[in-house]
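Each of the two complexes below includes chain A, the first together with chain B, the second together with chain C.
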Partner chain A sequence: MQNQLLIGYDNRHTFLNRLSGSTKLLCFVGLSIIGMMTYDTRYLIGVMVFSLIIFHFSKINYRDIKFVVNVIIGFSVLNLVMVYVFAPHYGVTIYGTEHLLLGSSQHYFNLTTEQLFYEFNLLLKYTFAVPLALIFLMTTNPSEFAASLNKIGISYRISYSVAIALRYIPDVQNDYRTISLAQQARGFEMSKKAPFMTRVRGSIQILLPLIFSSLDRIEVISQAMELRRFGKGKKRTWYMAQKFKSNDYLALLCVLVIILIGIGLFKVNGGRFWNPFN
Partner chain B sequence: MMTAPIISFKDFSFQYNSQTEPTLQHLNLAIYPGEKVLIAGPSGSGKSTLGRCLNGLIPQSYQGTMTGSATVNGHDISASSIFELSMDIGTVLQDPDSQFVGLTVVEDMAFSLENDQQTQPDMQAATTKWAQTLDLTDLLTHRPQELSGGQKQRVSMAGVLIDNSKILLFDEPLASLDPASGKASMALIDQLTHDEDLTVVIIEHRIEDVLQQPIDRLIVMQDGAIVANDKPEAILRASLMAQLGLREPLYLSALKLAGVDLADCTHLDRLADLAVPNLTATLQQWTAGVDLKVPQVHADPLLEIDQLNFGYDPQRPIIHNLSVTLNRGEMISLVGQNGTGKSTLSNLITGFLTPQSGKLLFNGQSLLDQSVKERADQIGYILQDPNQMISKTLIFDEVAAGLTLRGVDPDEIEQRVLATLKVCGLYEFRHWPISALSFGQKKRVTIAAILVLQPAMIILDEPTAGQDLQHYTEMMTFLTKINREQGITIMLITHDMHLMLEYTDRTIVLGNGTILMDASPADVLTNDAIIDQASLAKTSLYELAEQHQLNPTEFVAKFVQAEREAR
Partner chain C sequence: MQNKQSTSIRTVVATGIGAAIIFVLMKFVAIPTGIPNTQVNVAAGFLALLGAIFGPVAAGLAVFIGHALNDFVTYGSPWWTWIIVDGLIGVAFGFAKNRLKIEDGVLGTAKLVWFNIYQVIVNFIGWVLLAPTGDIIVYHEPATKVYLQGITTWLVNSISVAIIGSILLVLYARTRTQRGSLKKER
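Coming up: the complex of A and B.
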């Protein structure tokens, strides 16, 4: 029952594991931002290939992430369909030309190469960061999360709340299970035999005691933290923080170069879009 | 010349802003460096409030008005922040689980050092040192969920000892430990007191368990005032415990039963050194004079468990070929180390888990094809923490919930709920919101909510945990009453040796997924091998009997009989 939090961290003994959490977080955030901004297809494909290569080196087992990846693909496809439904001419507006594939320009629902190309760019933007996010989550020791967040400038109180949440997820899950069993024993039918609405109502019955027991937990934990001087100084150190090594600087440098290329392309393209239709 | 006290209260009173009366009234107290002090008292006596004053939670987290003066290590508590006081006094809270803040053992140990902005090499040196002292070296990278109660408590201790503060405050350190871990924990505290030159303050109402190790001073509180402050021996000799709402050590009760004059005794606080003229003769005479009655036989099988097997991983069964029969009208205690499957067994009985093989017969009918809900009509299960069971805001609604869900006629619901509330002594409170009740009363509400379904058997998980003698006695008297008068079979899951000895007729010891022993509590608690295997602890009665060449089983059984007759 351990390691059920998030999608499991495991020390896979790769160079990615040895990078400090802050480096991985910075790289992930940096690449995500530049990827979200640009619509340069060549660049996006480049970053995508780069992240897939890195992903290959991370030795993450595809089986462990299959579910997450499927969920993301599902949502992306749904999103792309919705973009088409609500704005089927947006590609034409952006690129200024119209190459019809299906239907006529008088119809609301027609299909243009520009729209397809625009949605292809969207798909790339949704997916290129996924391998990077998975690498960050699965190669960073959860104990290092808080330290990494703090290092990139987020206040240590907020950073520590991430660590506390990770610490208490299994306990709250346990509480939920216990409370649910106790309610079932009173006669709330929660098994698959009961109709859906009954089960929903049953879950709400569990919520009240769960909230109360969680509030109790929060009170005790905040006292325990104060008693050990949490919040005394403007800063705190982290036992699990990793010092930057030469590999960290190297990784940051690589990512910086990639980002600079992206920014350079804004200049070359005269904007965020690369227009192959001109 | 006397050294100056390290903790000093002079005419100190405190009133919470939320209360109309002061919780602490005119306290005068001095604790000297190197002393080991036990503060005892019933719930609401103000002992926890005193603890909060010592560590600075008052006034930082709980606002109120203070009068008089109070200093800890020379610092005035009203003028010091919780952070400053934490350098003088380290606090180990009651529930080691909830104060474990780190994701792993080593992070939790280093937590206060991180807040002091120490460097990593310093933190590593300190955690290594304290991990060795407290035998945690092999556990450093473990998560809290992987540790036992005793190990978690050692981590909590390491987390405050690492500050090198000279005073340690323990708030009910025994509350969530099994008897064997409790014993080990008290021995460790004693050792640390000497090795690290500490002043130790222990807040606890289980006096006998704390007295397993020497205590310099016992302070008893009642209604916000100190009513006794002396060497434990003097307080025990004056027989003040029961009057003050505290549980007397068992051996002391035995001495009194045998007619020993406590004034003649020396070392009353320490059984190993206890010296009383002619004690052996007196005890032997008393034992010879008591005839053991034949225990009442319950021969009508209610729940028959036959060759039960269960394991999440069938290769590693948690319950293995377990067979036992519980009879109608019995009061049974189920004991065993944490993690030996006590909860798993109850979950199999109540239907939350399905066995891999084996039979479960209730009243001769198989339970296996019945749903959780159907089983709940006959077998009630009551959790340790009432807050985890209560889902309504009013007492009446909470007790009625089970019947409403079963579609019972509203008139009948009202009649049955009111009748049950009367049995449980909650009738006067029926229109109250549950939040206004005390812990013990809430527990009673959860029992009422089960009783109203008229089960033939109820299973209770630690029914008396965290309750003082008065509430404990009330709860157990109540359970005994419904057992006797309504013939309800009761199974108690417990770590409390006193409870199983004094209130149950039969003890089932679980270990390695099977039944290690099924006998009378007196037999179980005088069996060395079983005590060891199941993490139980010898009671002082056993030691007393052994010291005086008595048959321990017989002596314990006679003592229990005499106590019950006196009730």
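Coming up: the complex of A and C.
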């Protein structure tokens, strides 16, 4: 469980740390949306290489992220297997041709180049944003993140909710752990060894104190904020907000070019898929 | 009663703390069902309570933020279609607030039964109709796979809300003072 803690922000003194949070947020959201839309393998590989290069510059230790990366790879593989089990001919339907590698076309489970290619695309789509997300998480100060949300046009109340969420996740985690240990000391078994219903009952025993203490917390915090006249003004300034510098504009320009290439490829391919089988 | 100003602050705070709780619950108290990316989600039960106390805006945004943050740190990239569906379900749970009137301290069997029928329908629309369709359109995943994931999520989430959500609602209602419980002495 200790491993699963939020991977943390740390100032590593790279140019990525000096970029403003809004820039990084816009770049990440832009790239992840275009990557979500496109099925062009060349483009996805391009973005992947680009994000890995940036990742190299971010000076993040592989050791810090090993656990997260393993979980991500595990889930991607599970998903790919499941896609194959449920739709082994999906690639054929998409690309319109059939190149058999194993088995015959009468069998349900056969292996075609198209299916392999489609699943390779899926794998790229599951993983291409991971280096970017890690960079974003590990180089952006959480307090600055809320300021950036407000800067890109999201209402400051919502930004402030996000700030509260980020601020209180460690507290809630601590509460959760304390309550969990206390309940385990009283004899509730909640580990993987316990049978399913025992685990469910155990988690309810944690849930109740956690939720009721948090509801009290909501009252306390909202009263404190009301005393400080939160929400009286139309706008709000942020202590952690950063001004845009020339590097920010440069980064935004780069990402814009990448996104435009992606949109251009839709036109070239005549759709979202790149078909190398024609 | 509270005025409008303080309810809006309460919504902001409830969204934030709610998102933090949903994040922690999704991360630590999720029991896998065996089908990738679907798990018995205790967070769904909590969402029902959050909606019943603080209304659609807080519940919708809280689950949207909590789910997005959780995807972000667990899978590296947020799976937007499911996050949006989760947000919409939060909003739908929030609309039950006026019907349940949980702050009044009375939560009869009729209301509980109504809420459970309502939540099963809401979950059905969200997980069986909207989420897989979004996956097919946006992510181009094979229909059978996403529908299986959708139906499993619908079942486990409905059960989670039916058990954990109902328990939480009843217990919360018991902590409130009943409306009209004070009598004037003669």
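Odds and ends about this structure:
Rule of thumb we're sticking to: the second predicted complex is superposed on the first by the 243 of 278 C-alpha atoms of A that agree within 3 Å, B and C clash if a C-alpha of one lies under 4 Å from a C-alpha of the other, contacts with A are read in each partner's own complex, and residues count from 1 in each chain.
By definition in this document, a contact is a pair of C-beta atoms (placed from the backbone, for glycine too) under 8 Å apart; a residue touches a chain by one contact, two chains touch by 3 or more.
Note that the structure is a prediction, hence the values are computed from the model and not measured.
Judged by the touch definition given at the top, the superposed model places A:208 against both chain B and chain C. In the superposition on chain A, A:143 makes contact with chain B only, not with chain C. In the superposition on chain A, contact is made by A:221 with both chain B and chain C. Judged by the touch definition given at the top, the superposed model places A:111 against neither chain B nor chain C.
Comparing chain B with chain C, the partner in contact with more residues of chain A is C. Of the two partner chains placed around the shared chain by superposition, chain B is the only one that A:240 touches, whereas chain C remains out of contact.
Look at A:163: by the touch rule set out above, it reaches both chain B and chain C. When the two structures are aligned on the shared chain, A:184 is found in touch with chain B, with no touch to chain C. Of the two partner chains placed by superposition, only chain C is touched by A:36; chain B is not.
Residue contacts after overlaying the shared chain place A:130 against chain C, while chain B stays out of touching range.
With the contact threshold set out at the top, residues 1, 163-164, 166-167, 171, 206, 208, 212, 217, 221-222, 225-226, 230-231 of chain A are in contact with chain B in one structure and with chain C in the other. Those residues of chain B lying in contact with chain A across their complex are 55-57, 60-61, 82-83, 86, 91, 93, 95, 97-104, 106-107, 110-120, 123-124, 127, 143-146, 159-160, 163, 347, 350, 352, 371-373, 375-376, 380-381, 383, 385, 387-391, 401-402, 405-406, 449-450, 453. Those residues of chain A whose C-beta lies close enough to touch chain C in the complex are 1, 4, 6-7, 32, 36-37, 39, 68, 71-72, 75, 78-79, 82-83, 86-87, 90, 94, 122, 125-130, 133-134, 137, 157-158, 160-169, 171-173, 176, 196, 199-200, 203-204, 206-208, 210-212, 214-215, 217-219, 221-222, 225-226, 230-231, 272.
On the side of chain A, the complex with chain B involves touching residues 1-2, 142-143, 163-164, 166-167, 170-171, 175, 178-179, 181-189, 191, 193, 205-206, 208-209, 212-213, 216-217, 220-233, 235-241. Those residues of chain C that touch chain A in the complex are listed here as 5-6, 8-17, 19-21, 23-25, 27-29, 31, 35-37, 40, 42, 45-46, 49, 53, 61-62, 65-66, 69, 72-78, 80, 138-145, 148, 163-164, 167-168, 171-172, 175.
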